[in-house]
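One structure is given below, encoded as structure tokens.
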Amino acid sequence: MKRFLAVAAVAGLAVLTAGCGSDAASGKPAAITLVAYDSFPTEKTSLNDALDEFTKSTGIPVKIVIAGDAGTMVTKAKLTAGNPEGDVMWGVDNTLLSSAIDGKVFSKYQPNGANAIDTTLTALAPGHEVTPVDFGDVCINYDIEWFRSHNLQPPGSLDDLTKPEYKDLLVVENPSTSSPGLAFLLATIDNSGDKGWQDYWKALRANGVEVVDGWTTAYDDEFSGAAGSTGSKPLVVSYGSSPPAEVIFADPPRTDAPTAVVDSTCFRQVEFAGVLRGTDHEGEARKLVDFLISSRFQKELPLNLFVYPARTDTTLPAEFTKYSVVPTNPYTMDPAEIAANREQWQDEWTDIVLR
Amino acid sequence: MDRHRAALSRGRPNQVPRWFVALVAAAPVLFVTVFYAWPVATLLWSTLDDAATGSPFRHIAGIVWFTVWQAALSTALTLAVGVLPAYVLARYSFRGRRLLTAATLVPFVLPTVVVGAAFIALLPDSWHGTPRAMIAAHVFFNIAVVVRLVGSMIALIPHDLVGAARTLGASPMKAARLIVLPLLRPALWSAAVVVFLFSFTSFGVAKLLGGPTNPTLEVEIARRATQLGDVAGAAALSVLQLVLLAVVIVWTSRRQRRSSVELQGAAAPRRPRGRSQRRLVVCVCAATVAIIALPMVALVTRSFRVAGDWSMSAWTKLGTTEVRPGAGLGVDPLASIATSLRFAIVAAAIATVVGFLAAAAINASPRAGRVLDAGLMLPLATSAVTIGLGMLITFDTWPVDWRARWWLVPLGHALVAVPFVVRALLGVLRAIPADLRAAAATLGASPIRTWWEVDARAMRRPLLAGVGFSAAISLGEFGATTILTRSGTETLPIAIGRLLGRAGALPQAQAFAMATILLLLTTVLVVASGVHERAGIDA
Amino acid sequence: MLDVIGVSVAFDGRQVLDDLSMHVDRGEVVAVLGASGAGKSTLLRVIAGLLTPDAGRVLLEGVDITDRPSHLRRIGMIFQDEQLFPHLDVAANVGFGPRMSGWPAPRIATRVEELLDVVGLGGFGERRVDRLSGGEKKRVALARSLAPEPALLLLDEPLTGLDRELHDRLIVELHDVLRATGTTAVLVSHDADEAAALASRILYWTDLQPV
């Protein structure tokens, strides 16, 4: 009998403490949570130092929660709309934006300093649900050394990828789960047209394309050109800014980029941040969004996330501009068209490539 | 005579009053209604309500067909592989028999993530993502069902019945085919149905071993909900799955002949005599041990290998899943262990309280109790993903805005654990001789007091066993948790699944290390609970 | 025709049969009389081939059958609790032995009918086994064991557990059937009257197995 009561008491205590552990501390300015995708650093980088400065000046601690790859992050946000997992979301991009807005994920806010942002970017979200924070291009990256040692010319266009000399060399991300994956799919649709893209992907599949779930797996694990990778694929869907990253993080240091971009395969990707609807800390969340487009934060973006800052007056680091390429004519697609067809395209792609 | 009968029917002076039973039953009834019946009903309703577009049903025929045939093949293979161990363990007595019988149960109680991870560790790379791998894991997982169900039937067939056939001129093969097999048919059917259902709704194994190219219906439902955000489509597929399962259950229960054969005579296990019998026992036992142990051994071994070299780094680096300086997978393995343990304590607490009240109520009123018993068993028959999905779409508006609450996940675990607690308790309750209660009554105890002193006291040990089982179930739950999980509070199985999704050598090894931890935790809990349960029954 | 020579059987260290020998002539009905649980059933099982002895030999008509499996011995056995096959009807039970011997179907049918008449159960062929009374079950068991024309029949406490009336009736029937078919039989029992009524020779267990 006594032992039974003791067990019951312990269980009751566990219930109480488990609950307490998850509730926010009361009294001080509330800590807020920034929800991001899995390549966003949670500590140690200068990006995180900038966030620490935000905390110091406003007294608001920021906790970063990684929700997975971009597709999963947006899906979770849609499933929890109104009862969000955090207070601010970083990294929903133009390909997934329509889906997130339809899911009523965000609470409208036009941040202070919004006029410093490139107007072509803010035009993509006229309702002010989100604010552009960076942009970049999703392109095919190739391993220079690999192609040189195999005496092969790297592909020059999207269509080249179906050629037999590039068989089994390409790794792409699943457009249902990855935003660069989706961007690449949209580029191919823009390229081959509404009726032709299915055949293009059938050809890619026949040519041995490998599919993985997220960018970090594709780039860090499968791409042969990534530093420290044991991967074997010399062609990967990545960013226009990945070559400079390879130079900057190179150990031992190098002055030439080991990888390069096929700039006729690029799709313009814009990333946004916004306040999540239903947050208990609207005021603090808004302050964070203001900070995310401030010069202090925006100047850390190139060397940490390898994207171009949305804020037009940001000076870019020399190493960044030296090794990166901004394509003059990237593929683009109207957000409304993406909104209307995205799910169907993802489904069709899954049938063609995975089944 | 009539006066006595009238008096007996008038009151129930020695039994626990009805209001007490109702009070005790209230919590379990509420529990299963609010957290199971309502979400499932909402799910069914949503498909009528929402215009679920044609898209989830595109090519669903292919997925359904795959799910059916892999489940059927898994069933056939499991029966084929499991019959000999079932026979040997039921027929022969030898040193280590009880241990081996208990060991066959281990794969069954293991978390599906652990089984999936173990087979990834065991099978060559060329098998990854193929149906072969999934089916092999299903066989491993479900052998226990055959050993238990078919074995318990074999243990009832008298030795002399087979002896009679032998003296009438039947060779051992003929005796097995003409006498033993027909008598086993009902048990074989039961086992087949159970294995089929488990293989059909299998999630952890299907997700990890089937890969994106070979999804089963359950995996597709989860993919729709968590990756595409198409909850309506996922709900529609769930309903399809429920309908298919109902069809299978109805069809097989019709075909299953109720066997009412009376079997008399000694059927107890005997020591093997003679060289051929001994050889049979040794071979079958060795093979069984190999089948059960190999995947586990592979799992533990692979956790010590990183990129082809022996290394402890998977274990030492369990605090983080860093890929580049500062950037990781967003999964903190050690934190996930802590989260899982916390959830397990909460789930076990809920399941034990609800199970305790339910068992008491069921035992007190036979007719209504049967309804409650059946109701509490329903979550076991429903796929885990469906339960999670139902909760997700039901608890999203005020006043039941619970979707984001931390306690929803352990509550889902408790739903699946309660039936086990109830079974353990009912077994003990029904074994209490009525005279014991009568004795208490004649010593002056009121009905409620009697209940407390006799029934509740008897339930103590099985209750502890129930706690252990519930905690083990909670630790390993994967399906419902996948749907309900919130970033930052991943459980151990979720973390393992995430790590296994990475191609890098270190994350893979870390996944195996964490799966090993989960394996140890589950085994300890199940063994400890099993000891308590047996002690409770003997007490 | 049956010789049991020096047979020993031990279970879990307990010596159940110790250097036991006996002889049965053709046409005899030999009763082995002794207390229950002494090991008489074990002896029958060794003779039937259901149990391999640790030592000793069994000879049938001079041929050593110790290592021959049961289904090749042509030795039939009636068990104490009949052990009728519950999933087969009466005719299928009785016809089982002939079926194993490979007899053609018409011959089996004739034999089944014949034997059911002999045991007084004519027309019972299609009955389900679990619907039979105790006496009927015994008779079916008897018919079943005689059907394949065994060289030797073993009976394990054939009439134990029956009520007085049935017992007395069946003793007479069993005696008549055995005599009429000329079956060589060994029966074990703890009932002296039963032994006396059925057997042409009685062996005492205490003689066969001195304590």
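Miscellaneous remarks
The chains carry the letters A, B and C, assigned in the order they are written, with residues numbered from 1 in each.
One rule holds for everything that comes next: a contact is a pair of C-beta atoms (placed from the backbone, for glycine too) under 8 Å apart; a residue touches a chain by one contact, two chains touch by 3 or more.
Predicted model only: the values in this text are computed from it and were never measured.
Seen from the Cα centre of subunit A, the chain whose own Cα centre is farthest off is C.
A summary of chain positions shows that the Cα centroid lying nearest the centre of all protein Cα atoms is that of chain B. One simple way to say how far apart two chains are is to compare their mean CA positions; for subunit A and subunit C this gives 84 Å. Computed from the mean C-alpha positions, the centre of subunit B lies at a distance of 48 Å from the centre of subunit C. Subunit B has its Cα centroid 39 Å from the Cα centroid of subunit A. Listing the residues of subunit B that touch subunit A in their complex gives 55, 58-59, 62, 212-213, 223, 225-231, 307, 323-331, 342-343, 345-346, 348-349, 352, 392, 396, 401, 403-404, 406-407, 457, 460, 463-464, 467, 486-489, 498, 501-505.
Put simply, subunit B touches subunit C in their complex at residues 158, 160-161, 163-172, 174-175, 179, 182-183, 260-265, 271, 273-274. For subunit A in complex with subunit B, the residues that touch the partner chain are 1, 3-4, 7, 11-12, 14-15, 18-19, 21-22, 33, 35, 38-45, 48, 65-68, 71-72, 74-76, 78-80, 82-86, 99, 103, 174, 176-177, 211-213, 216-217, 220-222, 230-231, 249, 343-344, 346-347, 351, 354-355.
Only residues 11-12, 45, 48-52, 69-77, 79, 81, 83, 85-87, 96-97, 100-101, 130, 144-145, 148, 154 of subunit C touch subunit B when the two sit together in their complex.
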